[in-house]
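Each chain gets a letter, A, B and C, in the order it is written, and its residues are counted from 1.
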């Protein structure tokens, strides 16, 4: 007979062991699925690592993927700390990219690059923030369910950008598949060490969010609202303002990531610009237990997975959705492992009591 | 020779680091009312939860009517005729009484609405219960819900009844009715276990008593052969005088004056109806009333957390109604409301003591950054002054024991030198030692000139500790009385709506 | 008009199955945001089995099992291992999408056999299908549509008339009370979640077996999420869910109708309509006052008996 008992406490070492074990098991499980698909899992995993950090160029590609992921994850982290389920990262990235493009296409080529980029960044952050503000407003004022609201905003944003790409912003000088005009040089982010400077922004984002959550009053309020709404009320906190502030930050960060993607990677606006970062960020934020530095590291690892799987697609013709599946499996296992952190499973029969886990 | 209904032998149950029951022994006979007596936290509910199949013992044996049993779920316990009436009712609000009775039951052959109704009516009549089967639970009063719980277990064929603190939420009149029903059942041969910490009830209703203290069974005695002081000694471990001192107060002027306060609850119904009273500095004004008589709304209205439809609240002459909660805190009006789950409303369980102190302090700090330094000092000070048992001030509050959690809460409010202190259910779930410490703290505040509004469940405590007692019923004030001049029964009547015959001079006119 | 209504019913089917499926899960207290993922899994597996076996029965069964499998993983994590329901559901969606992409990689654009497609031809019900206006839409449809209608009625009866349905409601409203009454809370949750998942899988398969019917990566296009919103819109009632599905089915094909009527509006702007409508539904749904219209009180709360 299986009995489940709550643990008193667990030493940090054992905690990390259980979580590491979970990740390992998940890779084994995912490996089995890959095997069932007809591929050699060891080869697949090797290629993923090789494709992400095998050469300098690939490392740069990995970092380029990590940058938007980190920034978006920081945004999601802030929202999740407040238990506001912001599933709208994709849409907020999109609208940020839209905002940046609006500036890039309408300011003249003669504007100096730093000013252009600054204007784009401000606009992008604003657009992302507004896109997040709408569901936040309804949640704060009416208690409306934010999960569905933010998600629907994703679809609206994607359709909107698609509309712009195929309609008003379609580049007439380009004959093939409709695309938006490319940015002029002054709207493209400069490079440092072979990487566009987005990585500096990413580092600032991590530091900024960490300080925000742990060392400012508003950050503290966000934590309290997330942990216990009633207590926040009783302390006289202005809960509506807290929700809105947190979401403006959350959406703003996502919007900023959108600008970076538009300016440095695509050098234009496309309806695929958010590339699933909004969803992956949810996984990385949760896996990193909503702690900014940890989430940053997890993002880098996931960027390796993303870069590696696009290499896989090129070299072994395995669709990149294998990355999605692996991500899902890892999170499943880690979610499940939380249970073993809190509870002990004991096998009990009439005579003896034996500890199992 | 009486037949043994239940025998529990050497039962031990641990939760994490807490030994809830250690080597406990209990024997209950058919046709007796057996009281399980002990302080809050002594392990009474835990023990009975093992009988009802909710928990499983780590070691020990249980025999029901002579047969050894090993319950792994409530279903098995119910099948053997054990019916548990929990302290917090296990009823589904949006279902009717009938539907709640039928939960988990297989349909009996040939059963339809009509003979089901008859079956239940026969059952109720036999024991003197009555209930409207088609009423939805959320529309019922507390007494009706308890009646439903009893019918529910009887319908399942219970011959052994366990009642967990059944009187905590009842008026004195309802308690009498419950005892009548229990005696009725006893005569029909049922075995009844009543879990309680109220000595007067134990003496009135039980045949035998088993005392638990800190998870161990101390003694089993025959009620007729024992006196209250020795029961107290068994419960607490030493001779304790359970008298609460009512100290003389400095008798200051009016501190908080509430005038014609009318408040709607979240569903738009009247929660407070034209309430008026005055709280003086240096007094403890008790607030009595059955659950949901408006106590929560009163606290929240004064603290500025909910709006009022009508009325005014004067603090030192100024109308504070409509001010936001932060300003009210700054004025020196502090409120601590302990809900049933203790941590829900004053503290963040996962945060440590320091961060819980920060909760009320941070708004007074300038700038956008959080300074923890002064709060760490304050935390250490509070821990020392109130003798709070904790490894350090960085331990998450939810890991502390109930008494210490409430000390942190009260300590935080007191440390700010309030002028008005509103405390609701401060001793909920606490053992005798911790409770008395809280009463001491409240008395100290009173003597320092603070006006204390004490909302409580235990009428005995209210009558002993408070200078005056205000009774709320359905949002109206049915009386403000001097506890030395009225009986508990009279207060009980006020709690259910009858206003007191002899009027006390209205304090408002002074 | 009549042909429009026929198309509305067809368009509403994936939503109907998914909404009913999620409704079952939520009535038992579990918020499963993995609907999109389960629909995708059902869609791809149903399609592949249909492609390989040409048997409509096997295809439908496979879809049901695929959805059930996804739901079972969710149930295991959230019921037995007490994981956070929101995050687990989202993970299921991401996993399901990746899984479907992998499994469907070499059948993109491959058409189903004519024989299989014909099994889903409309079957007119004698007499009833002749009723003007509503006759064809309701009584001249394919077999899965009739199954969908049956599901609405069965689920209605399940909750209103059966003991098991009553117990399920109790589990969703107050798991502790259900437990104390002797109901096996975990079992009820597992069964309802898994059954719900099966229906979601079928909803996805309807698109790849009947509506389109090919496999493509984005075949479900957010319908799973609309279904989650529809459950709220329907106040957790099966008949209202059906009406909601019809409404949104109509909205999703509105674009084509408008174009056919000569009103030119960018396809993409029209595509937005169902999503905007969903937002409106969610906003309006917060104005529920009657206790009976509120979500099951224990929704998304995990239940564990040994809690202290």
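Couple of notes before you dig in:
In this section, a contact is a pair of C-beta atoms (placed from the backbone, for glycine too) under 8 Å apart; a residue touches a chain by one contact, two chains touch by 3 or more.
On a predicted model such as this, the values are computed, not experimentally measured, just so you know.
By C-beta contact pairs, the most connected chain pair is A-C. Most remote from subunit C, judged by the distance between CA-atom centroids, is B.
Centre to centre, using the average C-alpha position, subunit A and subunit C are separated by 28 Å.
With centres defined as mean CA coordinates, subunit B is found 46 Å away from subunit A.
Each of the following residues of subunit C touches two or more other chains: 306, 308. Looking at subunit B, residues 15-16 sit in touch with two or more other chains. Residue positions of subunit A touching 2 or more other chains, listed in rising order: 5-6.
Across the complex, subunit B meets subunit C through its residues 15-16, 18, 20, 52, 54-55, 73-75, 78-79, 84, 86, 89-95, 99-100, 102-107, 136, 138, 152, 156, 267.
Listed in rising order, the residues of subunit A touching subunit C in the complex are 4-6, 33, 37, 85, 87, 138, 142-145, 147-149, 151-153, 155-156, 159-160, 162-163, 166-167, 279-280, 282-283, 286, 318-329, 331-332, 335-336, 338-339, 342.
Partner subunit A is touched in their complex by these residues of subunit C: 33, 73, 76-77, 80-84, 86-88, 90-92, 94-103, 105, 217, 222, 225, 228-229, 232, 266, 268-269, 271-272, 275-276, 278-279, 282-283, 285-287, 304, 306-308.
Residues 14-17, 56, 58, 72, 303-305, 324-326, 328-329, 335, 337, 339, 343-351, 355, 358-360, 362-363, 365, 368-370 of subunit B are the ones touching subunit A in the complex.
Partner subunit B is touched in their complex by these residues of subunit C: 163, 166-167, 169-170, 173-174, 176-184, 289, 291-292, 297, 305-306, 308.
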